[in-house]
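There are structures below to look over.
Two complexes are shown next, each including subunit A; its partner changes from subunit B in the first to subunit C in the second.
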Partner chain A sequence: MPDTRLRRSAGVLLAAFFALPLAVLVVRAFADSWRAPALVPQHFGLRGIREAFSGIALDAFANSLVVAVIVTAIAVAVGWPAARVLGERRLRRPGAVFVVLAMPLLVPSYATGNGLTEWLLRLNLADSITGLVLAHLVLVLPYVIVVLLSAFGPRVTVLEDMARSLGLTPLQRWRWVTLPAVAPTLAAATFLGFLVSWSEYGSSLAVGGGRELLPVILLPFVRSDPQIASALALLFLAPAIAALGLAARAARSPL
Partner chain B sequence: MDTRHPALAAPTTPGPAAAVVGRDAARARVRRQRRRDRVALAPALAIVVTVFGGALLGALHASVTPLSATASAGATLDSWRALFADPAFLDSIAFTVKLAVVTTLAATGCALAVALMLRSRGTALRALASLPVPVPHLLVAVTAVLWLAPGGLADRILGGLPLELVRDRYGIGIVLVYVYKETPFLVLLLLAAMGRGLAEREEAAAVLGASPAQRLRWVVWPTVRGPLVIGAIVVCAFVLGAFEVPLTVGPNYPLTLAEYASQATQNDVLTGESLAAAALLFTAVIAIALAVIAVRFAKDPQGA
Partner chain C sequence: MSAALECVDVAASPGGALVLRGVGFSIPAGGRSVLVGPSGAGKTTLLRAIAGLQALDAGDILLGGRSLRGVAPHRRRVAVVFQEPRLLAHLDVVDNVALALRAAGVGRAKRRARARERLEQVGLSAFVNRSVQGLSGGEQQRVALARALCAEPDLLLLDEPLAALDPNRREELRGLIVRLQAELGLTTLIVTHDRAEAAELGERVALMLEGRIVQHDEPRALFERPVSAAVARFFGVANLLRGDVRDGLLAFGGAHIAVPGADGPATLAIRPEHVTIDGDCLLRARVVESVYSGSFVKLVLDCAGQRLHAQVPPGDAPPAGAQTGVALPIAHLWRLPGAQDEQRVGTAPTG
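Up next is the complex of A and B:
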């Protein structure tokens, strides 16, 4: 069937369009020397990888990971009840709540970070993980709530009512009914929350003066040393892919 | 009485005497539920209002109290005045707004085309198209430098590029990176909006003799306009405020507003912070104004 062939070639083209550019990162990270006209590197080597796994970069990686995990955990814990109220349409005028939640997404994150620094300096929280967590949290929370609210609604309420009439305790209901029912959306919200924090540049630069996150130390290398930049980019991509895998697994829900 | 509230739909009324009791009980239940709803929303709203509101106040405070001013002088509008007297800042406004508008229009156009193409296709192709969504912006920018910079791979393969794409003064590189990154995000929103109902409605319109162009205008467009405008606002606001992409693939002049602010803090320790805060607050005002315009546009004049 010509249609299948067309479809397949469109798929291959699309895949190439996204995969090829990123594949070059791998080649560049392992190319110790790759001078101008050559299409293939002259020398392969581990210089970039060694630099990417050196002290500063690994510290930044750890900082990024700690901040992203803490921020995502808080955002899901705080966002869950809010998403439930909004998702079940229990508010008479939800507009105001959405406007409040949307504001941090409209204002440049660098501005938020910059303004926050004023306070963090006074509270002695400058250059601390707490400061970074606060700065990221206002950006992550709206995304988590907006994604998570689509999981709640009559579908979940009906299941919970059935469980109640069968005599399940609140904890059992949550564990065996609510959680499995919202698992795919919860996974998506968690994944998105992690990514927003992990990729955040503006507020990380403004707040984390002495405690640098991975994107902040990566950027200067783009001009000065593309090999190290590529190696750091691979390091930067790894948890995003791992989180995608985890989210995809968690999304397979029995209910 | 608010009939939309689920707790009010529940009570049954067996007799006239019980009806009064039942109504009171129902009201009490609604009140309890409302209180519980407020408690559930409170932590999230408190975090956003305190941290974000505090940040805005902090920026406002910084913008009117430059470190160069003596403590006794109090608030001054010097930074704001200096900002609007700086031709580089005015260039920066024009450049940033142009980038945001062009990027948003290009990405929404591409997304609409791709979504229309993909909606009848299988899930594998859809998954492929959404691949760039989890890739950080900075990574796409790094990749763009490797491919498109002078001496980059595209240059080597083609033996020369017809025009400068990275760090060019028109910001073409910035637009390309953003379009590559934001189109799949908008496609996801559009495909979600184009659920099953749309195909049926289109078929009905076709049976009634609507041409493809008419179906696009009167069936598809009203369905996707809402999500598309929301997505466009998010994209536009991001382009206005983010600066890892322009820093990587943008020109040295003009700068985007966020770059301008960041450079101000590096140029002058005394007045820089204050100037940066003012520039960033002004960017925030532009972003909110554009969002309000977009929301106006999203409202259907026919009320559909």
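Up next is the complex of A and C:
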């Protein structure tokens, strides 16, 4: 069957496209020396891993995780009602709201972060987790809202009307009808929100100061020491993959 | 327990446009009424208002003598079968049917057993462990009906429950709804836009035009004794003969028709199927159009300048262009109450 063969080779090609850079990353992380023409490193070693799991990197990992989790939680909690109103077309002029939401995404995030720092300094929030959370929210919230709003609309409201007429209390309605109906989109929005915060560099650099996040300490090593950068990247990858797994699971059966 | 429904001067404007303009009608406990009317008349809005899904501008809705004003939809004990089945895709058939029992805190085994009984009642006992995906439209609508019955409501509302089904399925489900309603003695209001369906489904039929109930009566009365020209037109009474009654007689096409009631302007209504062709009759007409449509022939007659519509058996139908006599059996002639009737419907001030 040429058709299945074509499909299989397309699949292999696609998988290779994503997997090969990751494979190189793993090898690079364990290569104490690996010069260009050679396909295999000359010396394997744990120098990169030791650096990646040193105090400063682990602190940054913890900071990044705390910030990303808090930002995602707030973005979903605040974004839900906003997405609902936009998705159900209850605004007379949604265009203005979208422009305001999209503005931080159009400006480089370093610039947004710089502008925010001026305010955070005056609010006494610079160099704090709160400051980083606020800075990331500006970027994460639009993503969460724009993804989540597609879940709402007549498809959900007609089910909710049905639930009302059957005597479901507001909480039961939310738990048994609304949440399952929006679960796949909610999972996607949450995953995206987490990733945007987790990988945010520009505003983290601008606002961070004393509190370094993982992308901020990773990037300088990309030029100076690829082995440490690769090891850090593996550390960077772990929560993202965990989040993807959780999102895929939650989309199938929420809570 | 089944309860009586009463709507008193109900006004509502979904999306800002006044749709219900003072609806008043009632259904006794255990009664079955059909709400019929053209699209846009406000039927679904009234249903949503009764279910609590649409706020009222004015008026009141009473269930079992108790006002529903301020009662949240989920506390009204009013179950709705919507035009689309609205099943939950993540639950199987039984859990969909048992949803209201789950909300009421009935244990899993017990509620699933009761849901199975309901599924049996709607003729779906074989579908118990099925997922809702892959059910046909008719099956899904039966599941929705079983789900509504499982809530043991005081009032059942059905919004065009047959509209999305093909004719055979429609026939079956219509029979099922009538049979179950009679068995359970459940107060029921059914919305449809189809007048034949209204006649077949309802003990009584309420016609809604432009946000008001204009006549609520047994089906036959709406077809044969309409209260206004607008009602007559909706129910296919194509012939409205207008004239002046003098000494109890109305002159029409060279004949005189005896008319009950006072002298003065009058409008007589007669259904096309009651107009008969009889060569000996004094009332003469020319056949303008003769259309064969299977079980009968549709005739358009010119009777001294007035158009008459008739439906006659295929054997007796004269061809187009023929001259013939027409009989208007006195038993089927109905004088519309009120001469200015035509103006009254639809243009009366609101409130």
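The working rule: the second predicted complex is superposed on the first by the 250 of 255 C-alpha atoms of A that agree within 3 Å, B and C clash if a C-alpha of one lies under 4 Å from a C-alpha of the other, contacts with A are read in each partner's own complex, and residues count from 1 in each chain.
Heads up, the rule we're going with is that a residue touches a chain if its C-beta (ideal position, glycine included) is under 8 Å from a C-beta of that chain, and two chains touch if they have at least 3 such contacts.
Quick caveat, the model's predicted, so the values are computed rather than measured.
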Partner chain in contact with A:Leu6 - subunit B first, subunit C second, else both or neither: neither
Contact breadth on subunit A, by residue count: subunit C or subunit B: B
Which of subunit B and subunit C A:Arg90 touches, first, second, both or neither: first
First (subunit B), second (subunit C), both or neither touched by A:Ala238: neither
Contacts of A:Ala62 with subunit B and subunit C, given as first, second, both or neither: neither
Contacts of A:Leu123 with subunit B and subunit C, given as first, second, both or neither: neither
Contacts of A:Val222 with subunit B and subunit C, given as first, second, both or neither: first
On subunit A, positions contacted by subunit B and by subunit C: none
Subunit A partner contacts - residues on subunit C that touch it in the complex: 48, 51-53, 72-75, 77-80, 82, 84, 86, 88, 90, 99-100, 102-104, 147-148, 151, 157
In the complex, subunit A residues that touch subunit C: 158-159, 161-170, 172-173, 176-177, 180-181, 253
Contact set on subunit B toward subunit A in their complex: 2, 4-6, 33, 37, 39-41, 43-45, 47-49, 51-52, 54-62, 121-122, 124-125, 128-129, 131-132, 134-147, 151, 153, 156-157, 233-234, 237, 240-244, 247-248, 257-258, 261-262, 273, 276-277, 280-281, 283-284, 287-288, 291
Residue numbers on subunit A that touch subunit B, as the complex places them: 7, 10-11, 14-15, 18-19, 21-22, 24-25, 28, 36-39, 78-79, 81-82, 84-86, 88-92, 97, 100-119, 134-135, 137-138, 141-142, 145, 157, 191, 195, 198-199, 201-202, 205, 215, 218-219, 222, 226, 229-230, 233, 236-237, 240-241, 243-244
